[in-house]
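Two complexes follow with chain A in common, the first pairing it with chain B and the second with chain C.
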Partner chain A sequence: MTRSLNRTHSPAPSRATRWIILGAVGLLFALPLVSMVEFTLRGGLEGGYTIDRWVTVFTGQLGPEFRQLWLAIGNSLLLAAVTVAIMLVLLVPTMILVQLSFPRLRHGLEFICLLPITIPAIVLVVGLAPVYSVVSRMFGSGVWTLAFAYGVLVLPYAYRAIQANLDSIDVKTLSEAARSLGAGWGTVLFRVLIPNLRRGILAASFIAVAVVLGEFTVASLLNRVNLQTALLIVNKADPYIAVIFALLSLLFAFVLLVVIGRVGSVSRKVRS
Partner chain B sequence: MTNSIPVAPAIATAEGSGATVELVGVVKSFAGHRALNAIDLAIKPGEFVALLGPSGCGKTTALRALSGLEGIDDGSILIDGADVAAVPTNKRDIGMVFQSYSLFPHMTVQENVEFGLRMRRVAPGERRGRAAEALDMVGLAHLGKRFAHQLSGGQQQRVALARALVTRPRVLLLDEPLSALDAKVRVQLRDEIRRIQTELGITTVFVTHDQEEALAVADRVAVMREGVIEQIGTPEELYTTPATAFVADFVGLSNRVAGEVVGGKALVHGVALELLGEPQPDGPVTVYIRPEDVALASEGIPATVIASSFLGSLRRTRVRLADDSFISIQHDVDLKPQAGESVHVRLKGAPVSAVPR
Partner chain C sequence: MRYLGLAPFGAYVLLFLALPTLLAVGTGFVDGDGALTASNIEALLDPVILTVFWNSIWLSALTAVTGAVLGALVCYALLETRPDGVLRSIVDSASGVLAQFGGVMLAFAFVSLIGIQGLLRVILQNNFGIDIYADGVWLYEVPGLVLPYIYFQVPLMIIVFLPALEALKPQWAEASATLGGTRATYWWRIGIPVLMPSFIGSLLLLFANAFSSYATAAALTSQGQGIVPLQIRAALTSETVLGRENLAGALALGMIVVMTLVMVLYSRLQRRASRWQQR
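Let's turn to the complex of A and B:
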């Protein structure tokens, strides 16, 4: 009895358990990445390892067959920018409006925003194909129009990031306080609410960029060129270069996610 | 954190610069429920009026209607004689302090206080000076560079008060600004608000459900119930001559005792008491008697002590009468009746409110 009373119960797992879990998860993630790196360094039929392909990529010595890759990178970055713009212009004000004036619609909005995550991309494309025949007539068939579809794809991630931030501040009181001090709605939005939603908006934007850079199915099935579709084509010409670009795009997305964390922690440190 | 507030020069305003405020037949409904049922309220320039009532009585709705944060369905809201019912909040020239902390988290205290002046396009130099003056007035001039999360609740509400006053608004609206604070800070800030309001002479409407708070600070108190003002008067009037049983019950403590109206007087345990308010027909009534209008005596109505509580400057004793009804008696601390002790109770004969049973 005494022994059981004296025994300390820690709510957290032991240090060893933590390291085992971390090691297992780390291995799971690292294995394919290390394999990809190893693959890009293979010397081909001669055997051994070489960094020549990496040098080729970083010194811009790729052949004309890779021109489409640069075009695709440009397309993907353009798509990322337009998708983020669509999200910021449509989603952020809508969420603030619902929070302020129509709180009963919140669950409906949440359901709509989370819906795309439950629908397979192939099903989305089947639905989007006839829509895009109209979109093409109205806006032309420029690759940027793909951002309309991507705007839908990133909704679940963007919604969650922004809603978490909205829940952490008293939007109603802040806007009412600003109104009572003489601020118009524009000032309330841009000078009071958005500065306090900066972290959520940044997180939503970066996640949107990461999703767009990794998207393949919709672009491929709607016959648009983006980074992922170009990588598939490049893969047929030179699988090593394709894997290098896949690694670089992964690294870019990883850096973006680290930036999200950094921005949040830096602003917290500055304020405290 | 800051317990003593140095009295500093207030923002320069002309004496009696407050505005007249009138609510005339104001109606506001939410989903078929009338939150404000044609209320009328006239406030004189520089007056401090408290809206007091239980939750859901419409006091906050009235304040929000006055601020423009809530539209009204009918009636008019006049500030200095001009109907502002259709004027948006940001054009009404009001200052408001909210129940929940409302400082902008991304701005420093100084920036928060300057915000209203910035909206009015006041030049930066004057803006800084006036903000510093307002912060000085609430005793927080030294905290201008801090952010809201670095302040205590009381300090945040002081900054909110400075922010509301710095624009020299025509009307100051206070929506339960003390309810989130602990008891000691609450009393300090309550007195501070009253001091500043008196110095500035600004017309002030203060919403609270705490009767002690309302009676302590307001020139007049409007007691609200179910969307109507039951009575408006000075704290003394409300306490000594409540117009309705609800006011008698809500403002201060009251014993509810069975009685009978006979010939225009309330008969309670054989004692005839004057009736307050409208004359009532003969019949059984519930009579409201203040604990201080009842005394322990050597002879009178026999009773048994249930409990006795020491409340600092006075003692309150609860007794059971022969008919199994209960009465609270407020008396001197020197008298220390024990639970179970047989005592006698005497009604002092003060006028009472009554409602038919």
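Let's turn to the complex of A and C:
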């Protein structure tokens, strides 16, 4: 009875409508990606198609002029690692501390963490330039120092992922239980709370990696080399290779997010 | 003493979020020698700068509205699909990538699609006799940003609007059906009014997203100065724009003012929208 009522009066679209909409939008969104693939397969002046460039990339036969690109990929991976480290060392303990001891500060922390959405990266760069002239005097001008700025850029995403996890466990009861059994604060943090927060932390780390690998604005205007700025430079020398690497990094980020989705849906199941 | 644990994060946020923001906005009020001046702020009223702000605003508004409508349509099509199914998994991840990962990649994509030698451009030209560049090449000007921007706006809309659509209670549909309402009555009298605050809120978020976006435009036009972020680039890389130093600071201030207005409106609407989303 309920079933038939749902069927005829359900607000959801009919099967046909659903697939027409998804098909049309999907097709429009596939076009630029298809044209990118087509572009990388184009033969030179004589026309036709060739997979030579993909072969060159995958067999590691890229000439020395692309050394810059490998360096840039290394830089981006290093930046991703340092950004995740900054997040783990600075943000996670602070969020746990606020949840446990300063519940009144929660809204303040949320406001601060979501603030980077309101302040465009391009605005931040204007003020970061003088800050970085001091930073490079203290830490040298290594590319990893850029991770300080990236830590700020990923704050909103990291905060949301971790806070969702914090809300789903009872931090207070867990830590009081551990304390009453004689555990020190270190044990509470590393053996009780962090294991319970691993899904949120994992999701936050993945999204941080995706954001860092796609970051262009800050690196480009502070004259540092990362994956995106190097792609633009390579594009001037050999646009085909640049597009191949853009497609590969896109694919990498997609797989990363599918993994996040899996992690998220597992945690949803556990909760229900 | 108890507050000492908050110090590391506090110091970090102060140094890399608060200080840069204050510096960015503050430099707008001083000249090259550090003396207070209003000339940078006056420069915001320069017709060139006003045009640039206007470009940014109409570009953001146009792509936000288009993106919001298309994105909402996709969300509607996804209604009552299994949240942990394969379809949703693919749509969620693809939206995440395309919304986050734009920038340089998007510029490449649209050059390969509708550049001078682009796939679609050549097909339209050779097979249908349509020359999309009959009035000149617009891909590298401000109008050329419309399509790439829509390309990252739709995925963002899906990410932010889908939760609101899923929070619609099935009981409302049942109640409407019991009282003899059709699907059209349900959407017209219940669904759309309930979703309106979320929809406008998402629209504002999309506007903010486009307004602050820099990478796509920078990658597409290496010399262009048509929108505010590009104007900031020009002001940062050469000190002589309009003969004024620290113009970048004034432009940054202008951007912050627009963004703050949008985000204040957004949080108000969000509060209204959350009334219907309590479980």
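By definition in this document, the second predicted complex is superposed on the first by the 248 of 272 C-alpha atoms of A that agree within 3 Å, B and C clash if a C-alpha of one lies under 4 Å from a C-alpha of the other, contacts with A are read in each partner's own complex, and residues count from 1 in each chain.
We take it that a contact is a pair of C-beta atoms (placed from the backbone, for glycine too) under 8 Å apart; a residue touches a chain by one contact, two chains touch by 3 or more.
None of the values given here were measured: they were computed from a predicted structure.
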Touched partner set for A:T173, first chain B, second chain C, both or neither: first
First, second, both or neither for A:L33, with chain B first and chain C second: second
First (chain B), second (chain C), both or neither touched by A:L41: neither
Touching partner for A:A183 - first (chain B), second (chain C), both, neither: first
Touching partner for A:I233 - first (chain B), second (chain C), both, neither: neither
Touched partner set for A:L78, first chain B, second chain C, both or neither: neither
Partner touching more residues of chain A, whether chain B or chain C: C
Partner chain(s) touched by A:T118 [first = chain B, second = chain C, both, neither]: second
Contact set on chain A toward chain B in their complex: 169-170, 173-174, 176-184, 187, 192, 195-196, 198, 271-272
Complex contact set, residues of chain C against chain A: 2-3, 5-6, 8-9, 12-13, 15-17, 19-25, 27, 70, 73-74, 76-81, 83-84, 89-90, 92-94, 96-98, 100-106, 108-110, 112-113, 118-120, 151, 154, 168, 170, 173-174, 176-177, 181-183, 186-187, 191, 208, 211-215, 218-219, 229, 232-233, 236, 248-249, 252, 255-256, 259-260, 263
Footprint of chain C on chain A - complex, ascending: 5-6, 8-13, 17-19, 21-22, 25, 29, 31-36, 38-39, 86, 89-91, 93-94, 97-98, 101-102, 105, 112, 115-131, 148-149, 151-152, 155, 207, 210-211, 213-214, 216-217, 220-221, 228, 231-232, 235, 239, 242-243, 246, 249-250, 253-254, 257-258, 260-262, 265, 268-269
Residues of chain B touching chain A in the complex: 67-69, 88-91, 93-96, 98, 100-106, 115-116, 119-120, 147, 149-150, 160, 163-164, 167, 173
